[in-house]
Amino acid sequence: MAVKVSVVGAKGRMGSHVVEAVQGAQDMQLALTLDAGDDLTTITPSNTDVVVEFTVPSVSLNNVLALIAQGVDVVVGTTGWTADKLAQVTAALENAPRENQQVFIAPNFAISAVLADHFAKVAAPYFESAEVIELHHPTKVDAPSGTAIHTAQGIADARRAAGLGAMPDATETDGGSRGQVIDGVHVHAIRLRGLNAHEEVLFGNAGEQLTIRADSFDRISFMPGVLLAVRKLAAGGHSGLTVGLDKFLDL
Amino acid sequence: MAVKVSVVGAKGRMGSHVVEAVQGAQDMQLALTLDAGDDLTTITPSNTDVVVEFTVPSVSLNNVLALIAQGVDVVVGTTGWTADKLAQVTAALENAPRENQQVFIAPNFAISAVLADHFAKVAAPYFESAEVIELHHPTKVDAPSGTAIHTAQGIADARRAAGLGAMPDATETDGGSRGQVIDGVHVHAIRLRGLNAHEEVLFGNAGEQLTIRADSFDRISFMPGVLLAVRKLAAGGHSGLTVGLDKFLDL
Amino acid sequence: MAVKVSVVGAKGRMGSHVVEAVQGAQDMQLALTLDAGDDLTTITPSNTDVVVEFTVPSVSLNNVLALIAQGVDVVVGTTGWTADKLAQVTAALENAPRENQQVFIAPNFAISAVLADHFAKVAAPYFESAEVIELHHPTKVDAPSGTAIHTAQGIADARRAAGLGAMPDATETDGGSRGQVIDGVHVHAIRLRGLNAHEEVLFGNAGEQLTIRADSFDRISFMPGVLLAVRKLAAGGHSGLTVGLDKFLDL
Amino acid sequence: MAVKVSVVGAKGRMGSHVVEAVQGAQDMQLALTLDAGDDLTTITPSNTDVVVEFTVPSVSLNNVLALIAQGVDVVVGTTGWTADKLAQVTAALENAPRENQQVFIAPNFAISAVLADHFAKVAAPYFESAEVIELHHPTKVDAPSGTAIHTAQGIADARRAAGLGAMPDATETDGGSRGQVIDGVHVHAIRLRGLNAHEEVLFGNAGEQLTIRADSFDRISFMPGVLLAVRKLAAGGHSGLTVGLDKFLDL
């Protein structure tokens, strides 16, 4: 039986892609499509199994709390989640109307990016050197990307856990070309017209290199991850709040 | 206390690097170094904890059997192991003079290559498309490389296990540019002066790509893997025959 | 004074991008936009300086001949031009109503691809080895791409002119992984969901490699080349037929 | 008739490779091999056509002046040449004992690096964005590399000549990840165990990217460039001082 999926933020940049992706999935059925101003209480367990919420940070928390109160499971793609906001979601889920109710939030739905971040952590203990390059379109206002910071921290954690010390680096004179050091890991940000969102992680030992690269050319790249999350919630077994698409991959 | 390491094939291309690597490792001590014609029975548990054997396929099996009879643990880097040869090692280990005696054989000691092969298997279920490119020096006589074949088969197995069908490919006319199809996976071999041994695995979904690349610039890249294997056998817990460096990585 | 640009095939996939690109160019002014069924004789030197023609191979020749008769300069992006068709254009231009009338036809308007193809020819004489990899979306029906064939032939010509012999290649056993050999150059075609049109040229000498890669992520990448061609014809000095965007780059 | 080549610094890291390269070249004949302490006046036009000088910056100028006085042509691979030192060479050549005497000095003999630097200049006018990444072994003390600085300046010059303004970059917050800005071009330096000397130049327009990458895996990569320079001087026609291998390539 097809999973009934409603979309909140259905006319937005991401939401419109979600609507198309759900319509194209044989095991799903598009239920309601809502946007700013629409009444969230029209979404109920009788018409919806899973809601996908892709709106803006300023309204997303309230949307999610309202949807929890409606008794439906929610996949959230909106960014901007702080520890405090996540705590409010957890608290709401403890008092949710339906047993085993589920909310899933992911900062990045691109499977390639999530896998690259994971593989970087796994590989880190085995290499003397590691650096992170992220490449984005030139209209991005922050550098480096949140994903690159996360990857660098994952590498740093894995190196510490393995008892590795500082990476070799004899640099004496530099005018800034060595990039930003995050938890001991050098991170470099490229801004290039034509690019979208890309990350490359370089590992080195004497005589060898390992490179892991994730390219997101288009926001349509988030759709396989969104559909995967919908299927996981529809299958159940993830009650409460789950954060991060890596939790739903078989890693 | 330092691990006492003897090297068989000590003057060979790989063996001479092993001698240097052991000498450079603070937790190891170089014991005996033997070459063709030398008496393997000089190697005993009293002077050696672990032997590293890097010779040629035609003599390696006999060397390993002799070393098992001497009661020492063996790390084998020589290639050319068939199922039949491996079975002889397993049988010999069952009658080994020392309890919990260990033999470790790896077709590839480059950590980057072993990780790339592993990551390819993990990533494969999540992508519509996957192809393998291997790049080697132009004096290599076989194409594609054994590593590339192994990677392609790992991808194919992972896709089958995940229930994925054939990859999308509308090619109607081709004069051979699409490469060799191994278990449904297209494999391409590049031969270029200046290269050594390299592998690149490409995965694609709508709007995204994941690339995993391992470069071995020099045979010195095998040394971290050899030392890792020596340490694993010295620490014990791997009695019998173990094949593949991935078994000794925390994956 | 702004260049007056008319677009034939204005509602097509490429033509609609051309309309937007012309509207976005400060030194151009959009004149007429025509599609199948529209009367080409409405385009005259009084309302149009340069016409951009992006239609389909079956009608493009007739369009171009009609536009020449109208006395306007034409930039043609439609593919499928044979030597015979080109000869008809040349003949028509000799009897064109306006002096120094110009037609420009390019098989590829992506500047990165045109530069990569050119650089490959320049680099070829200096390397022992060279191979070409092209990567495209999996709905492409031909392999390898016309661009890759052109690049391979350019490399082969440059090697011959420099007196270079065959590339080093000791391959004895291969099941097809070495790709298609075009004029002595190995060409490999990758088909991967998520990609659009990409080419990578690898050159190798002992101890060094040169890599030239062109990525076209989107057909919008053709627009800078189209606008460049329009500006070149508007500036004059290219009377008769010119084929290939490289002619309009400062190479 | 074979070109008679003498090597000064013949036992050094680079010089020993030059000796081997000359011995391996069918059109050359190894003449004298000298090292620190040896008498340069043993080198004369009767035994030597071209000298290759690969020593250290502190002695190279004196060596070159002495060799000019001997009446032989010189290919210089030693680095550390300042404008003042070059002027002394030029002056000495004006009073050289032999007519049309030639000295050639190159900061980089790797053909791939020289070509990449050249191609970057040619491509620069055609792209909105350009950034430079250099990657080296972690024992290098300066960052970014001299080659990367040269490439960035070449890009900047070419953009200025083409009337291009600043590259698009909306970055508002950055902790250093955007690298060092050299003449308006962002330059990033990676330091990774296992690497030698590598440079990657990225160009971007809407929807497209051009990448030019030079990898020097080993100092043997300088030999084709050294032999090329020897042949050019042996053929004559470059009297006086010539700086830069690009002058000897057909670009």
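Letters A, B, C and D name the chains as they come in the text, with residue numbers starting at 1 for each one.
Keep in mind that, in the parts below, a residue touches a chain if its C-beta (ideal position, glycine included) is under 8 Å from a C-beta of that chain, and two chains touch if they have at least 3 such contacts.
Treat the numbers as computed from the prediction; the structure is a model and nothing was measured.
**Q** When subunit A meets its copy subunit D, do both sides use mostly the same residue numbers (more than half shared) or mostly different ones?
**A** The interface of subunit A with subunit D is built from mostly shared positions.
**Q** Rotation angle for the CA superposition of subunit C on subunit D, to the nearest 5°?
**A** Between subunit C and subunit D, the superposition angle is 180 degrees.
**Q** Report the chain whose CA-based centre is farthest from the CA-based centre of subunit D.
**A** A
**Q** Report the inter-chain centroid distance for subunit A and subunit B in whole angstrom, where each centroid is the mean of the CA atoms.
**A** That pair's centroid distance is 35 Å.
**Q** So how far apart, in whole Å, are subunit B and subunit D when each is placed at the average of its C-alpha atoms?
**A** So the centre of subunit B lies 39 Å away from the centre of subunit D.
**Q** Taking the mean of the C-alpha atoms as each chain's centre, how many Å separate subunit A from subunit D?
**A** One centre to the other, that is 46 Å.
**Q** Give me the residue numbers in subunit B that touch at least two other chains, ranges are fine.
**A** 127, 194, 203, 205-209, 215, 217, 221
**Q** Edges wherever two chains touch, nodes for the chains themselves; is that graph a line, a ring, a star, complete, or other here?
**A** Here the contact pattern is complete, since every chain touches every other one.
**Q** Which residues of subunit B touch subunit A once you look at their complex with the stated criterion?
**A** On the subunit B side, the touching residues are 110-113, 115-116, 119, 122-123, 125-127, 203, 205-224, 249-251.
**Q** Using the touch rule from the top, collect the residues of subunit D that touch subunit A in their complex.
**A** Going by the criterion above, the answer is residues 127-129, 131, 133-135, 138-144, 148, 167-181, 186-195, 202-209.
**Q** Considering the complex alone, what residue numbers of subunit B touch subunit D?
**A** Contact set of subunit B toward subunit D: 194, 196, 215, 217, 221.
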